[in-house]
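Two complexes come next, and they have one chain in common, subunit A, joined by subunit B in the first and subunit C in the second.
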Partner chain A sequence: MSLTPVEPRSASFTAGITSLAGGFAGIFIGTAQGSTFTGFIVGAVLLTILTYVALLMRSKEKVVRWIILLAFGVAGYVTGGISSGIMGLLMGWFFSWFIFWIGECRYRGHLVPYLTPGQVLWHYTFRVICGAIFVFLITPILVVLPLSFNAQDFFTFTPEMLSLDPEGYSLKHYRNFFNSSDWQLSFRNSLIIAPIATVISVSLGTLAAIGLSQSHVPGRRAIMAILISPMIVPLIISATGMFFFYSQVGGFLEGTIGLSKTVVGYIKIVLAHAVLGIPFVIITVTATLVGFDRSLTRAAANMGANPMTTFFRVQMPLILPGVISGGLFAFITSFDEVVVVLFVGSARQKTLPWQMFTGLREQISPTILAVATILVVISIALLTVVELLRRRSERLRGMSPS
Partner chain B sequence: MSDTTDTGPVLAADGTPLKRSLSRALRRQKMRALMLIAPLLLFVLLTFIVPIGQMLFRSVENDIVSRTLPNTVIALQDWDADSGQIPDEAIFTALAIDMQAAAEAKIHTRVGSRLNYEKPGISSLFRKAGRKAKKWDLENDGPYQEKFIKIAKGWGDPEVWRTIQTYSSKYTAGYFLNAADLQNGTEGPEWRPENEQIYITLFKRTLFMSMMITVSCIILAYPVAWILANLPSRSANLLMILVLLPFWTSLLVRTSAWKVMLQQQGVINDTLVWLGLVADDARLVMINNQFGTIVAMTHILLPFMILPMYSVMQTIQPTYLRAAKSLGATNWTAFWRVYFPQSIPGIGAGSILVFILAIGYYITPELVGGTKGVFISNRIAFHISSSLNWGLAAALGSILLVVVLILYWAYDKIVGIDNVKLG
Partner chain C sequence: MNLTKTLMATTALGFAAGAVAAEDMANEMTIVSWGGAYSASQLNAYHKPYSENTGVTIINDESSAEAVAKIRAMNEAGNVTWDVVDVVASDAMRLCDEGLAEELDHDAVLAAAPDGTSASDDFGDLLVSDCFVPQIVYSTTFGYRTDMVGDTAPTTVCDIFDTTKYPGKRSLQKRPIDNVEWALYCDGVAKDELYDVLSTPEGVDRALAKLDTIKNDVVWWTAGAETPQLLADGEVVMGSTYNGRLFSAIAEQNQPIGMLWDMQSFDLDGWIIPAGLSPERKARALDYLKFATDTQRLADQAKYISYGPARKSSAPLVGKHETLGIDMAPHMPTDPANASNVHIYDYEWWADNRDDLDAKFQAWLAK
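What follows is the complex of A and B.
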């Protein structure tokens, strides 16, 4: 229980606030129907009445809230079909909660008792601002998901989609993705290139990170700066540098060693991507090594383990979470990379981002949204893995997950 | 112990002096660390640092003129460009020899287009002269002065010869002058005509837009970082997912999402029209201009601002704020005089990171920037893949790289590269 004295508010105080909220909601509905001002008045009056009625029956809060919820839902359904009905339910839920939240003074419940009304208002205004920023962060990603099921070739919500008509939705963009040879080739290429590049950057990067974390490394700062630089140098500069470099390397590999053109193309991109992934591996693995207890390796050596055994049996299991999350960063970097592929690769090696990039620039087709959805699902999976690893690593190192 | 009276050096177990033994162990340790780092360091140096160095070298490299026209370059050494006279027969003969050799090797057009960057029109002079020169009998077909001028009047223009003379040295500052909207005039570098000054405008725009993006990231990230740092860890972790999901989502997905949202027939415009805030025939233009680029890039780079700010704000004790308030500070004073100064390192780290990333961005401006919202990177890409003026691209790249490296150095000084945190 909270220490803050919570006492019910008067109906007139509550109605003052709720009618403003109702008026605000009324503005939008009113504008959509043609008259802003009427919307505002109707919303405000409706909420005032609702508030007085609801607060008269304070004791039966649950019943009142259900009634308001259903009333809004039915009203929405009658005026505009299923989608308006859902909107109505949402609004009903919000207003029924809001009336009692204000009326019962619950907003003070978990705040410290000495705050002035102004500070309470600011507290919630700040929350709303933060909420808006979170919405800004997440909306673009959420908008893409339903649009990818669009039955039309449009990039916007059709009226059928808005009324939740099954006719408005289809899987045709997904079918298009799985049946088009261009998309399939690029998807396959991405799945070939990214893992190999990841393996290279993880194995070299982990070794170097272990070397860098020793206590006496001459020129540590300079080495670190060089190893991190692929992340800092603008991609376009890296890409142009690699463009000239790998055209010479490619000529050498094809001409002197006699590899086939396709293989050389893949080698070039894999090496280029491996370099770009290295900073991420270095950063995550060195961060894990900071918390690594060095006496463990000494203890292992003391008990007769040679350096290789010590590394694989003692050190590696402990820093594994950091290595894996570095690897995932390297993987996503390669999987997501366009600029270098555009410059170094040829059409035979086009990756998924390449195909998306040309698709967005030239013939903009909704298949891109289906691909985007698939990529979002992949990134959610990767994020979950990284998050779980981070928690595990913190547990292993005895840090509380704060 | 018995050996406290021993005055000689302290010995290790194997009888060597301890000092030497220790330093040997230290050296071995250093060697082992370096051996572990060496493969990666070599890999990065060889496939990253050296290629970039080579590419940047192209911005001053200029041996194409002296390689293709060796005789002409030597003959031109004594010619005085300021005399206003066209060169004499000897020089034209040298040019004829070079031109014939170049035309047979089919490289005369290359030097033509190289010089065309400096003085438009030269390319066609070389093309025309090369075509004729192939058929000449060098011993007997002179005098060449008339012949060249008959092929194209431009060969009688002393300015053309001045250009050849100026760019006959092996190295040139010409590309850098070009990149700064300057040209080699009669008295050293001079400004290009007003209507040809595009790069200064582009650099200014790149800086301006990167700053706008950085500032909007600061404004949006500060409240979010604050709330993440001050909520109980369970809800903060949940909200953190909303920050990390965009961070992990493909850049192209986010860019295409913004394209979908900002279009004239896009989601935002449709919503505004449906709400009646905007008339159907007056839909807002939010894409293919600076606004679109700034909005999309702010969204894309926002996590890079939130994460460093969050990790700094986590370390600020909430008791400081309470102490300030109990000493009589108002909310604002307590925030501005106590909390904000402590959060400045986070702002600094985030700003430099976002600015570095923004200034070299290529993909998003290319897709949502139109013509008014492109960055210097897009111009570099254009010169590499379309206009093939690699020297100029390298010069623009060098300038960009210098700016980025200065910021990188500052970042290292202020934050330390080891302290970069991801996720």
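What follows is the complex of A and C.
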């Protein structure tokens, strides 16, 4: 087993790696300027020279790093204004750090010394891949945020926005969302439909899961399969079926029972969404029931509790995490759902996804992005609150060490 | 067949009679339209004044793009939730043929012009179907990026096919209608022979061959908002879309876009009432139609969007843009300066050949 000591690397070794990184960055800048290949060459050559110069003055690392940082920033500002200047500063910071990170062998600093170069390379490649996955997941969401403050009615980063000119930004799409009766109607509808559908699917789904986890229920596999079928059958097929089914139901409720058209419209969508949400609740609750100790219910019965008390005082608190996450899934399903609403609903019951869908198709308006931003913020807030509550209850019950 | 028709006619009459007798009309209605700036113009010109006058709640559904399919499904399920639907003329004809739209006696249900001209004379040739009440004349035409075409702006539709003079992507609608006519026209076919040539298989091949020359440079669009977005992004150098969308991008959004009116393709858009409404709802829908398609209302809509009113008597009333204060007449597709060379789209030919050409076009696209 050979040990690799942590000691400064040669300039040629460092330059080999940094020039690759420079070339990679150059590809992006070059493509933006019109020539990918030139960008790659210029980036690689620039970083090679920079590396040799920087490593000649290893002892004055701090000064050198500041100079590189500022040089990149100024170069960016001169070529493309403020936003390019900021990009330049970021790149300058990264490369000045990267050159010394490689050159001073800091990358081995916290690794065990017997790793081969291949293992070290994989160690960092793995981290880069993970980072890239994260970037690809999160960038589409982040891109939406600044675009929603666009002063124009297009999905475009205007020159004013790129130069961080306040003229390029406005809150008009947010104003439009709060002032437009169509958006407000759909927002209210979503807030009416999703919670009611969630309550229905959580109560029915939990009961079904508990029932189906009893070993004496006949045909429970078949029942289970039918109950979770809305999750497996393509949504468009469920939606078509639901359209004709709920048209009949609606006709009955309006004609025979005499409910108003608006109420019936809501009932139809709430029921349809509850059906879509039930499988999620069943699956999560069934999963938590696997870990539930049945002797607890017998113990409770032994002490004189009737089944209702046993359920609410003993079983429910223990399976609550599963119920809550199932409920969250059901809520999100209803809140995000567009296909079934388009089929079953009428315009009086249009939900946010419906409005976003038609808005995106008929008019590519950044109001959709403003709504998306608001929804992202609400989702983050909701998840944070749920997570905090969960930790608090765990702490109160002494389940968590923290 | 005859018996069914008679039966349907009597039921329709019965409905009409019931409506008059009942006197009371539904106090909520769902109006279906296209969304965007177009729906906004209807909201301002028709819906708002109508709601103020009558206290009716109007719900907007922006589903006109799939109106035919949805009305069919609603009709089959016996649950028609729409009261008045905005469709293009060809869709209205299909719906009317299938018995899914209410046939109307235009002179009886629509308002006469202020000078007493009957509605049917006022709309004239635009009454292309018994079920259809025309609202606007619009055109599908081209816009180009003024800063991407060099010193010489395109002047004819054939510049679309000239990729050496105007390099870059262009956007075209993902359907054969208009595109094959433009292609043949630019391949040297005279305007009045377009449909004769298209009626032969060789003519269709010739049109597709012409489109082949720019196929690699085309971005295909399906929604009217796409071309303005692509132009604003500079993704395409020129593209076809509805003229009102281009007007909105140019005049209201100050985009560097120019209009190319040459060989613009006229089409009609208007209202239908779906068949199978209850008497109260039908009475409400008719009342709304009478209001929304009178001379003044049609002229009012032109204050918000550059589509030409379908009534002859509305044309002199077209004024200035509501917020910008610019004269709207020069932006209308029907303005003489813009309409020097137009393409008159042949409804009947397309009704007969649409399925066939759609199939060929899709096969060509997939090649």
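A few remarks follow.
By our rule, the second predicted complex is superposed on the first by the 304 of 402 C-alpha atoms of A that agree within 3 Å, B and C clash if a C-alpha of one lies under 4 Å from a C-alpha of the other, contacts with A are read in each partner's own complex, and residues count from 1 in each chain.
One rule holds in what follows: a contact is a pair of C-beta atoms (placed from the backbone, for glycine too) under 8 Å apart; a residue touches a chain by one contact, two chains touch by 3 or more.
Quick caveat, the model's predicted, so the values are computed rather than measured.
After overlaying the two complexes on the shared chain, residue contacts for A:380 are found with subunit B alone; subunit C is out of touch.
Using the contact criterion defined above for the overlaid structures, shared-chain residue A:155 touches subunit B and also reaches subunit C. By the touch criterion defined above, A:361 reaches both subunit B and subunit C. After overlaying the two complexes on the shared chain, residue contacts for A:278 are found with subunit B alone; subunit C is out of touch. Contact with neither subunit B nor subunit C is seen for A:297 once the two complexes are overlaid on the shared chain. Within the superposed three-chain model, A:243 lies in touch with subunit B and with subunit C [touch as defined at top]. Of the two partner chains placed by the overlay, only subunit C lies in contact with A:347; subunit B stays clear of it.
In the superposition on chain A, A:163 makes contact with neither subunit B nor subunit C. More residues of subunit A lie in contact with B than with the other chain of the pair subunit B and subunit C.
Comparing the two complexes, residues 154-156, 243-244, 361, 364 of subunit A contact subunit B in one case and subunit C in the other. By the touch rule above, subunit B contacts subunit A in their complex via residues 26, 29-30, 32-37, 39-41, 43-45, 47-56, 58, 220, 223-224, 227, 233, 237, 239, 241-246, 248-261, 263, 265-267, 270, 274-277, 299, 302-303, 314, 331, 356, 359-363, 366-367, 377, 380-381, 384-385, 393-394, 397, 400-401, 404, 408, 412, 417-418, 420-423.
Residues 28, 30, 32, 34-37, 39, 59-63, 65, 73, 76-79, 81-82, 223-226, 228-229, 232-233, 252-253, 255 of subunit C are the ones touching subunit A in the complex. Chain contact summary for the complex, subunit A toward subunit B: residues 28, 31-32, 34, 36, 119, 122, 126-127, 129-130, 133-134, 136-141, 143-144, 147, 154-157, 204-205, 207-208, 210-212, 214-218, 221, 223-230, 232-238, 240-246, 271-272, 274-275, 278, 280, 283-284, 286-287, 325, 329, 332, 335-336, 338-339, 343, 353, 356-357, 360-361, 364, 368-369, 372, 375-376, 379-380, 382-383, 386-387, 390, 401-402.
Within the complex formed with subunit C, the residues of subunit A that make contact are 152-156, 182, 185, 243-244, 247-248, 250-251, 261-262, 346-348, 350, 358-359, 361-365.
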